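Below are structures written as structure tokens.
Same chain, two partners: chain A is paired with chain B first, then with chain C.
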Partner chain A sequence: MPVPVLSSETVSAIRLTVELAAITTAILLFIGTPIAWWLARSRAWWKEAVATVVALPLVLPPTVLGFYLLVALGPSGPGGALAGLWGGRTLAFTFEGLVIGSVIYSMPFVVQPIRNAFEAMGERPMEVAATLRASPARAFWSVALPLARPGFLTGAVLGFAHTVGEFGVVLMIGGNIPGETKVLSVAIYDYVETLRWGEANLLAAGMAAFAFIVILTMTIVEKRVARSGD
Partner chain B sequence: MKPLRMLAAGLAALVLSGAQAALAADTNIAVAANFTEAAKEIAAAFKEKTGEAAILSFGSTGQLYTQISQGAPFEIFLAADDARPVKAVKEGYGVEGTEFTYAIGKIVLWSTDAGLIAGEETLKAGDFDKLAIANPQTAPYGAAAVEAMKAIGVYAALEPKIVQGNNIAQTFQFVQTGNAELGFVALSQIAGKSEGSRWEVPADLYTPIRQDAVLLKKGEESSGAKAFLDFLRGPEAGAIIEKYGYGTAAGS
Partner chain C sequence: MEEPGTIDLAFTGRFGGFALNAAFCVPARGVIGIFGPSGCGKTSVLRCAAGLQRLEGYLSLAGEVWQDAATFRPAHRRPIGYVFQEASLFPHLSVRRNILYGAPRRRPPRPGEGTGLEEVVELLGIGHLLDRSPARLSGGERQRVAIGRALLSQPRLLLMDEPLSALDRQTKDGILPFLERLHERLAIPVLYVSHDIGELERLADHLVLMEEGRVIASGKLSELQSDPALPLATSREAAVSLDAIVTGYDPAYGIATLAVDGGEIVIPSPAGRPGTPRRLRVGAGDVSLARKPPESTTIINILPARILAHRPVGPHERLIVLGLGEDGSGARLLSRVTLRSFDHLALAEGMLVYAQVKGVALAPSAATPERTTPA
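And then the complex of A and B:
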């Protein structure tokens, strides 16, 4: 087999994938934190129902999400209305559409670890902060967030990695546009289907190595954090 | 524990015998996505006539070919081009001398919007946001669409607006849902529709899409597979094929 070189197509797929995963992770940390905080502290009887909705993408086939997203992003759905604001007619086949899909798809992977970290912390630190006359906001920023840091780290890493590994949803709503929606997993699929196995091999091996490093690093970091917490 | 185990063993035996029976009688056929509707009707007519069942799997021609090369249990391959059946024979997956053209495909530019497509001018004006085609690398209908756009001289201008369906069925779905305003689909997919607007791309703008069938090595000994291929060549299947907007080697 000839030694495959990274084609410009491949390079653009890699860049696009990293961008998508980074933006998705940033958005998820931003909106996932208040959700996780609420899920960890609220005593509302229906909070587990909300937690279940957040967790649904864990078990739903990507085709279910892909189908609903395709309709929702399209011209007769809310996505089409949103796109109309800047003169578009659909959010399907756009990078923005992929971001929306990825945020929903990867949300449980970010919210769950952060919620766990908030819960593990217990009520005590916030109470102590309150007796020291810290405002709830101040206590949140300077007490809760630092204490929950391992949860944020795990959530961010898992959210990023899971978005990189997304395939079914992108295949259904992406339209395979180079530089816009053709992410790594779809590029690999394309290479396999067109029998360009040299390139497929290279990317697939890269993805496997990436996943290995991510999971191994996280396990090591978690162990170290657990030990330093003793 | 014991009754449970007996039940499990009984169930397993039942399932296995069922699978055995299915293996003996049914013919697994890989069908290019554009031929979906026609193939279903042909399989139904085939079953009515012979009592034998044909199990159809749909996908893009490239995708199906990859699966065949990896030992997929198909006995017949109905491709959307005449290159891959030849390749299948050359690489040892197909039975030599069994290839024949079962249909000649036509592409059509189609939109659900009744006022959108006037003809070639619509492509030249380019007054739309997204144009759907099938992936030209795996789907012959996508390759034909690219060829036609190049022939008209609009491909370079339209390229940024193109979205690719993974096969012609997904391409059709993109247009049907309105996510793309228009797209190049197979004439067979809209043969029964009257709504929307369309432009049948003149045959001189692209190489005719000769869709070839081939008997695969897995079906070499199967009487069902041979019977299906004979049926596909026959006048009843031919009438169905023409009804869906294809040309046939005999008819055109």
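And then the complex of A and C:
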């Protein structure tokens, strides 16, 4: 097997994947934190229904999710209306559409660890902060966020890694447009289809190594956090 | 002296099958002990006072209303300090940043106003811990830091929820003197919840007794301790706390003299310079009675007193409430005598007797209670 060189197509797929995962993770931390806080704190009876909706992508076949996303993002769905704002016709088969899909698809991987961290913290630290005259906002920033840091770390890493690895949803709503929606997992599929085994092998091995490093790092970090905890 | 006003409190509500209906009005000064068995609602009262739990009710401190039908000040708007049963330090902050967390950030307190960092650090003996992480403190050290943290938020009311109950006996005895110093030095009223009457005998000025979600009595500590209708006086550990002032010390015999309301008590240990206030504890089982002034006895404390009340305790004993002094108007004392002695001496209400005090415990500044033995 000849030593494969990264083609410009591959480089572009890597860049696109990293970009997609980074943007998705950032958005998820931003919107996932209030959701996780609410799920950890609320006493509303219907909160577990919300938690279930958030968790759905864990068990739904990606094609099912992808199908509904395609409908929603398409010209006759809300995504099409949104695209109309800047003169587009559809969000399907665009990078923006991929971001929206990834956010939904990876949400449970970010929300769950953060929610767990908030729950593990208990009510006490926030009560202590309140008795020390900290407003709820100050208490959240200075106590809840730092105490939930391991949850944020896990959530961010899982969210990023999971977005990097998504395939079915991307295939359904992203198409396979180089430089726009052709991410790594699709690129591998593509290489295999066109019998470019060397390049497929390189990317697949790279992603396996990436997954290995991610999980190993996370385990080590979690152990260290647990030890310094108390 | 400025009138400190009162703490006026009433909460009613039901949660988890438990009904709370507690109300009391106490002077906003000194330590107010809230005493009762586990599960009687003491902690709930404290949490309501802090605004951590919301029940219907009323709360005002020195006329300032924190809660009524129309008002509910959230916890972070109440000038309180709260010490939880477990220290609950912030694990991600150093001791220094923990105790400064609630300190006003704009303007450090001017001398003579509020409580400064140096004062709190000195009072609680936590200077050497400031740069450590809470994870590396012992239980007693953590609780001291938690108390310091509450104090530095410049509270006008300190709420303490069994601050010593999570600690072992030895650590507890190590912290009590700090709390006593706090009591002497700070002008802030303290609501102190405990199920350990021993702590309250040493610390409290005022007592609120609770049972099954209700307040059954509220009043000065010594009055409640000596009220024969209340469970305190008839319990096995019944005792009274006497507030005394040191009047002298005889180095030849090593005997200190202390004045209490209606009498004088001597103890065989130094008690401090004349004028020093000390608190004494006299157990009901340590007081025996004589109808005539006993001569030739080794008991050094023999105090004339009048019998104010008596009632049976169990089948063969009687509890007697005494008022010190010939007219019985002084401090109260309790004596538990056998029914046989009671009948034998024909004791009766209003009678002048001589209380022989076999043991007086001096609430110590040191680690363990010193106890005088029959001299």
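In this section, the second predicted complex is superposed on the first by the 230 of 230 C-alpha atoms of A that agree within 3 Å, B and C clash if a C-alpha of one lies under 4 Å from a C-alpha of the other, contacts with A are read in each partner's own complex, and residues count from 1 in each chain.
In the analysis below, a contact is a pair of C-beta atoms (placed from the backbone, for glycine too) under 8 Å apart; a residue touches a chain by one contact, two chains touch by 3 or more.
What you are looking at is a predicted structure, and each value in this text was computed from that prediction instead of being measured.
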Partner chain(s) touched by A:168 [first = chain B, second = chain C, both, neither]: neither
Chain B versus chain C as contact partner of A:143, first or second or both or neither: second
First, second, both or neither for A:134, with chain B first and chain C second: second
First, second, both or neither for A:198, with chain B first and chain C second: neither
Residues of chain C that touch chain A when the two form their complex: 50-52, 74-77, 79-82, 84, 86, 88, 90-92, 101-102, 135, 149-150, 153, 159
Chain A to chain B touching residues, read off their complex: 70-71, 73-76, 88-90, 92-93, 171, 175-177, 190, 192-195
Complex contact set, residues of chain B against chain A: 60, 62-63, 65-66, 69, 129-130, 132, 135, 137-138, 162-166, 174, 177-181
Footprint of chain C on chain A - complex, ascending: 124-125, 127-136, 139, 142-143, 146-147, 149, 228-230
